[in-house]
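Just so it is clear, A, B, C and D label the chains in written order, and each chain counts residues from 1 on its own.
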Amino acid sequence: MAKLVSLAEGVADLVRDGDVVALEGFTHLIPFAAGHEIIRQGRQDLTLVRMTPDVIYDQLIGMGCARRLVFSWGGNPGVGSLHRFRDAVQNSWPVPLELEEHSHAGMANRYVAGASGLPFAVLRGYTGTDLPRHTTNIKTITCPFTGEVLTAVPALRPDVTVVHAQRADRAGNVQMWGITGVQKEAVLAAHRSLVTVEEIVDELEPVPGQVVLPSWAVTAVAAVPAGSHPSYAQGYSVRDNDFYVRWDAISRDRDTFREWMEQHVLKAEVQA
Amino acid sequence: MAKLVSLAEGVADLVRDGDVVALEGFTHLIPFAAGHEIIRQGRQDLTLVRMTPDVIYDQLIGMGCARRLVFSWGGNPGVGSLHRFRDAVQNSWPVPLELEEHSHAGMANRYVAGASGLPFAVLRGYTGTDLPRHTTNIKTITCPFTGEVLTAVPALRPDVTVVHAQRADRAGNVQMWGITGVQKEAVLAAHRSLVTVEEIVDELEPVPGQVVLPSWAVTAVAAVPAGSHPSYAQGYSVRDNDFYVRWDAISRDRDTFREWMEQHVLKAEVQA
Amino acid sequence: MSREYTSDEMMTVAAARQLRDGSACFVGIGLPSTAANLARATHAPNLVLIYESGCLGAKPDRLPLSIGDGILADTADAVVSVPEVFNYWLQPGRIDVGFLGAAQLDRYGNINTTVIGGDYDDPKVRLPGAGGAPEIAASCGEVVVVVRQSLRTFIDRVDFVTSVGYGRGPGDRERLGLRGGGPRVVITDLGVLKPDPDTCELTLTRLHPGVTVEQARAATGWDLAVAGDLAAVDPPTEHELAVLRALEATKKVAAQ
Amino acid sequence: MSREYTSDEMMTVAAARQLRDGSACFVGIGLPSTAANLARATHAPNLVLIYESGCLGAKPDRLPLSIGDGILADTADAVVSVPEVFNYWLQPGRIDVGFLGAAQLDRYGNINTTVIGGDYDDPKVRLPGAGGAPEIAASCGEVVVVVRQSLRTFIDRVDFVTSVGYGRGPGDRERLGLRGGGPRVVITDLGVLKPDPDTCELTLTRLHPGVTVEQARAATGWDLAVAGDLAAVDPPTEHELAVLRALEATKKVAAQ
């Protein structure tokens, strides 16, 4: 059964230096508050996993939390590049960042394999691209029935997955809806999971398009209203697009970035 | 885009002698009316595919429509055996019936592979059982990353899949909810699909737990109210359990069975 | 309320007692479903019932008529697709207990629900087949088998291995790479059997009230080993019987 | 409404015209999304928009701010998981058209969105990477590429093959087992290019009004082949321009 915890407790208990950490949320329900808490608690040496590393990973990378990034698309959606990510890759600032790069289809299937208790997944992907030259985690596999050659990728099994959802009940059952991306797979693939939610309610009213994670499949739940800002939580908030645009200027310069993080993350009140 | 058709047209156009035909529905939304129309139209030599062949397949088999059955559990749920199925296997009456037998996990993954455009699926299954001795469609496969040996099953690609759903709109978009089993995968795995629905509505109001099949992924839709009787359609009808119990006596004897089919299926009004 | 009870009632009550509160149980239809719902209605209110129809955490207030009864979806924490229940929930080993029946069971707890007699292509009796059982038996943390004990069901070696217990003996599950623990206990209408820790052979460990070792031996198709500290199963309590009979009654009502 | 228009507007209108009504289109964010929504708002009201966030049949009445904009889920026929959109919908070849952008494009229509200059481990410019593009380019019935034409983007051979066009020439897609048809057309701010049926090399087939062959050649990093029957693209109609500008306006509003 999931424990109800504070964000600070949840991160302290479940996210450890050197962990393989997945923060998922496909433009919707991105767990920004949890990422900020990981930064405040000074986690280091993390292998960050995420299909679409965007502003929250730019912040984690720029603050030196990450040693390695496993991803399929790294950008500021609708705006442009991630300057901290580029600075880390191109200039090793503040620390070098190893990359393991995939396609969305490959990453999604790696989570599916992890959630399914399988060591690998099979897909039609990567063929003819230069991606397989740069990782040993893309191989071919032959169909034992047709002889056709397809692509195999290994399961992703994060030490901990962190996602944000709309609601949980007091028993720790989690409910999310709208675009739910790969969050169910990412949680089920992980050894531990932390779910931040907009609110904790007595009863989870069924909602069309809902994904429910039973309490016994989740490690901990923390109530963090607006925990996905500047991303959004359908039914609770809208995307703060202006912030994504402003991030381009904030993140271009190392000092401006550090200063912004000081003001808005490091000195921020730790959420109860 | 799906065509709106009558049940008779749909079966005449989409179900052909010798086809591989899947009628799915996991105790809920079983397409009985469509199965009866297949019997009325005298289809023969069919390879019938279904995870849980129950009364409707007992009827198709007893009427001599099937040459082969691909399945994972054949019984009268909550009641006992399928006497027509047993008579066909044990005494080749009315015609011999070849069996290809799997587990639920294997069948479900075979549909998933078919829906995914992959030639096979990988699972942890069948190991140590006698099932692999009786079909060439269960093989081992080795993980290219860990060397672990797992089980592979080939994709199911029915010529036609038939399912029953609660509703469709006039554009042919299909909506089902409650226990939706493996229907989405069975429809997407097939070359053609026929969906019978309780009603056709102007607007598909979103429903919690709904599965929506877009019109362009379905071949034809036919309005057949109560088309899943004696199974049920959540929100429309309840299971006619008494019929399942009575079927045991009806189907035990060949003559009683033929007579019942004459009265209730062959002479029945063809649904508009 | 009379304390008289049938051997099936004793079997169901004894099976229900095997389920720990708060555990997740993969439930087959029939006796296992009755026993699991009895457990949830008595000592295990937080038992998580999982049905292969995709219902996770179902809380039916009556006995379901099938593993796809609408009441399971209506009361579940989540309803998922059939591929998902097997791939995301059963296969990774998330389910603590698999609750299975059997047409034949052998001394190593292997289960046959496929064919009896003759050979596979020309059997004496064609049974329903595997369903979810092979992977439930392989992947659940442990398996509880509920089956009536007789020379027809309790045989030295099953005609067809539909679901693996301990194979041909110690080490077989490991050799096969099966990740679940296998049959922890078998509940019958005569008593309780458990695998011997050294030989994996099913051994009589308890008898239901009024049943003798001789009866159990006479209903077993192999030379039945009997535990030294053979104990008696407590008879059903009034409460257990009352709840069980109330559940059975709801089934009759629902079926009308 | 003025008939003056920018080269980007011409490019977007020309791209929108490539989408047939009733077809299913896998839409990337940015220019492809703008063009696809323009098509749906003009000549292709039944265009099925598919976004990799899992939205099938989205019908936004404004331009989405991201491929995961809430309006896509609110207006979709179905919202599915990200694994499902790739496995059940893209991979089997259910999508007619893949609509892609590019940072670099080469003479065989191969796309680079990964790294530019230096080598992979120490690039001059690190780009966002693959996203959904490799499998969109592999599995869609055909691919439409929208990209501004310049010596930086139109190069003889891409620094990194993120998504395969025609590889190194005729027969390569078949050899690789790619089941989709590959790039059918490339729309730029200067004109339209199509693969030569024999050589698969991108060939200039149309110019936007006022653009010369010399300009196109000067913006191409290889010896650009030009079709004999080089035609001019019709300028945007007043209606196309009005709808496009109205769409762009909704984006600014939504962003506030």
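Simple rule for what comes next: a contact is a pair of C-beta atoms (placed from the backbone, for glycine too) under 8 Å apart; a residue touches a chain by one contact, two chains touch by 3 or more.
What you see is a predicted model; the values in this text were computed from it and never measured.
J.: Compute the shortest path length in steps from subunit B to subunit D over the network of touching chains.
T.: Counted as steps through touching chains, the separation is 1.
J.: Taking contacts as defined above, which has more of them, B-C or A-C?
T.: B-C
J.: Please work out the Cα centroid separation of subunit A and subunit D, and write it as a whole number of Å.
T.: 28
J.: Find the geometric centre of each of subunit A and subunit B from their Cα atoms only, then give the gap between the two centres in Å, rounded to an integer.
T.: Distance between chain centres: 39 Å.
J.: Which residue numbers or ranges of subunit D touch two or more of the other chains?
T.: Where subunit D meets two or more other chains at a single residue, that happens at 87, 91, 139.
J.: Could you check subunit B for residues that touch two or more other chains and list them?
T.: 117-118, 123-124, 148, 184-185, 209
J.: Connecting every touching chain pair, does the picture come out as line, ring, star, complete or other?
T.: Contact map by chain: other.
J.: Go through the chains and record each pair that touches.
T.: A-B, A-C, A-D, B-C, B-D
J.: Name, in rising order, each residue of subunit B that touches subunit A in their complex.
T.: Residue list for subunit B touching subunit A: 117-124, 137, 139-141, 143-146, 148, 150, 152, 154, 206-210.
J.: For the complex, give me every residue of subunit C touching subunit B.
T.: 29-30, 52-55, 65-70, 72-73, 79, 81-83, 86-87, 90-91, 114, 120, 122-135, 138-139, 160-164, 167, 172-173, 176-179, 254-256
J.: Using the touch rule from the top, collect the residues of subunit C that touch subunit A in their complex.
T.: Per the touch definition, subunit C meets subunit A at residues 22, 24, 48, 56-57, 77-78, 87-88, 91-94, 139.
J.: For the complex, give me every residue of subunit B touching subunit D.
T.: Going through subunit B, the ones touching subunit D are 1, 115-118, 173, 184-185, 188, 212-217.
J.: Subunit C touches which residues of subunit B in the complex?
T.: Result: residues 26-28, 51-52, 71-75, 77-78, 81-82, 85-86, 89-90, 101-105, 108-109, 111-112, 123-131, 133-134, 148-149, 178-182, 184-185, 209, 211, 232, 234, 238-239, 241-242, 245 of subunit B touch subunit C.
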